[in-house]
């Protein structure tokens, strides 16, 4: 099933809502609850030793989860992260990093997603997260 | 009890290890497992409506947790985040945001910390996290 | 501020709703978002070595969180656990174990609590949890 | 790849180490980091309305994670749960409940697993967890 928004709409929204001085997160895939977001890192994303930092990975997780929700409900700027549980499994060393989010359950009030983060092309995930987004209440009868 | 490193050493290390194009995290307090880190935000930290973004708060949490560990073990660049569980409790709206990390338990392999994030001067926390850092193995007999 | 329900009402409800073949969880303190629950363990709660098991501690956490919510909203059997993040910090060895839950934030849809678990009288917590409960929607205008 | 221990050894160990007055957890599948554990519930596992309780599901998660580790390292009674993050996605209503654990990453100090819980035969998971076990240190040169 197609997404409620197109990849182009997603990236346009990202450019407006998620300002950054550096490289942008780019949505590369958008499906029925499935979002893939990609980042070409620069030196500000690295820690000594060339490791892509935890915060860089967590930001990418949050974006991928956000668009996983958007693919099902449409652009909803009032949806906010409620909980994010991140496990760092392996060193994340590479130029380009990718977060892949899949919807585990979307209800009226909450959406729960599972997100993998890996260096582009790597077999194993560098980190893994479960993200819960809170969805704004809809007006009854609307 | 004093910290193993001074606030000046902490901020010098931050300047080298955590590069950024924008405003820096600044350590303002460092004690026995207790670290406070402060950030004067700019527009890149905000979402529509003036909310300080989840990733901005998570990055500050990670830094505060890192220096909570450092205050007890000294500068240890090989300590890495293992798990981070973040709950977003209230909108985070303000110019300056502060993360306060306290050590819950430090063992041989892991350190577990509790971190509050709030707008400077606010009574209630915007978010709350539990962070686990993995500590590198020490050589036996050393 | 007093609780919406009394300790007696809480323990009566527990006897009906949380059936068990063994020792019961007993509410010993109930306040404004603050609940303390106590369990005198038997051998079914132990692992080899006399450690109080993880599941025993998690069940006690869930009960304490539940009554933390009830102290603020009254008896609400439709409130359900949404997320539970548990960190096991130290061995839990003793006869009686106590969970202490405090409300971090209660909103319309969710309640987030922090819970400590320790052997009765111990200085340090054996485990620490953050629990999120989902609250049933209220009818508008009711 | 086969498991380090057989299903029979797993269930024998369970009978000794995880005492219970009621129905037992039963290992039904054991593979290379993959463990499936099954429980035929009785009334002590239920909440009003026939829902299988959160603690019942969490206990099953912990057992499945434990045997996922054992399948790779052999019987290791000193392995202990370090962190458990549980998300309750859907009501869990049924007689028999099953937890399915898969290894995400096993290192020297920690093992991280993903666990689904569902009513036997159900298409969708009732709950989903990420569990971290701490592994005891091995003697060097052994």
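As written, the chains take the letters A, B, C and D, and residue 1 is the first residue of each chain.
In the analysis below, a residue touches a chain if its C-beta (ideal position, glycine included) is under 8 Å from a C-beta of that chain, and two chains touch if they have at least 3 such contacts.
As the structure is a computational prediction, the values presented were derived from the model and not from experiment.
Peer 1: Any chance you could name the chains that touch chain C and chain D both?
Peer 2: Chains that touch both chain C and chain D, as defined above, are A, B.
Peer 1: Taking contacts as defined above, which has more of them, A-B or B-D?
Peer 2: It is A-B, judged by the count of C-beta pairs in contact.
Peer 1: Find the geometric centre of each of chain B and chain C from their Cα atoms only, then give the gap between the two centres in Å, rounded to an integer.
Peer 2: 29
Peer 1: How many angstrom lie between the centres of chain B and chain D, each centre taken as the mean Cα position?
Peer 2: Averaging C-alpha atoms per chain gives centres 33 Å apart.
Peer 1: Cα centroid separation between chain A and chain B, in whole Å?
Peer 2: 22
Peer 1: For chain A, jot down the residues that touch at least 2 other chains.
Peer 2: Where chain A meets two or more other chains at a single residue, that happens at 82-83, 85, 87, 132.
Peer 1: So in the complex, the part of chain A that touches chain C is made up of which residues?
Peer 2: Checking each residue of chain A against chain C gives 82-83, 85, 108-110, 132, 134, 137, 140.
Peer 1: State the interface residues of chain B toward chain C in the complex, per the touch definition above.
Peer 2: Touch residues, chain B against chain C: 85, 87, 89-90, 104-105, 112, 114, 124-125, 128, 130, 132.
Peer 1: Which of the residues in chain A end up touching chain B in this complex?
Peer 2: Of all residues in chain A, those touching chain B are 16-22, 43-44, 46-49, 51, 53-55, 58-59, 62, 77, 80-88.
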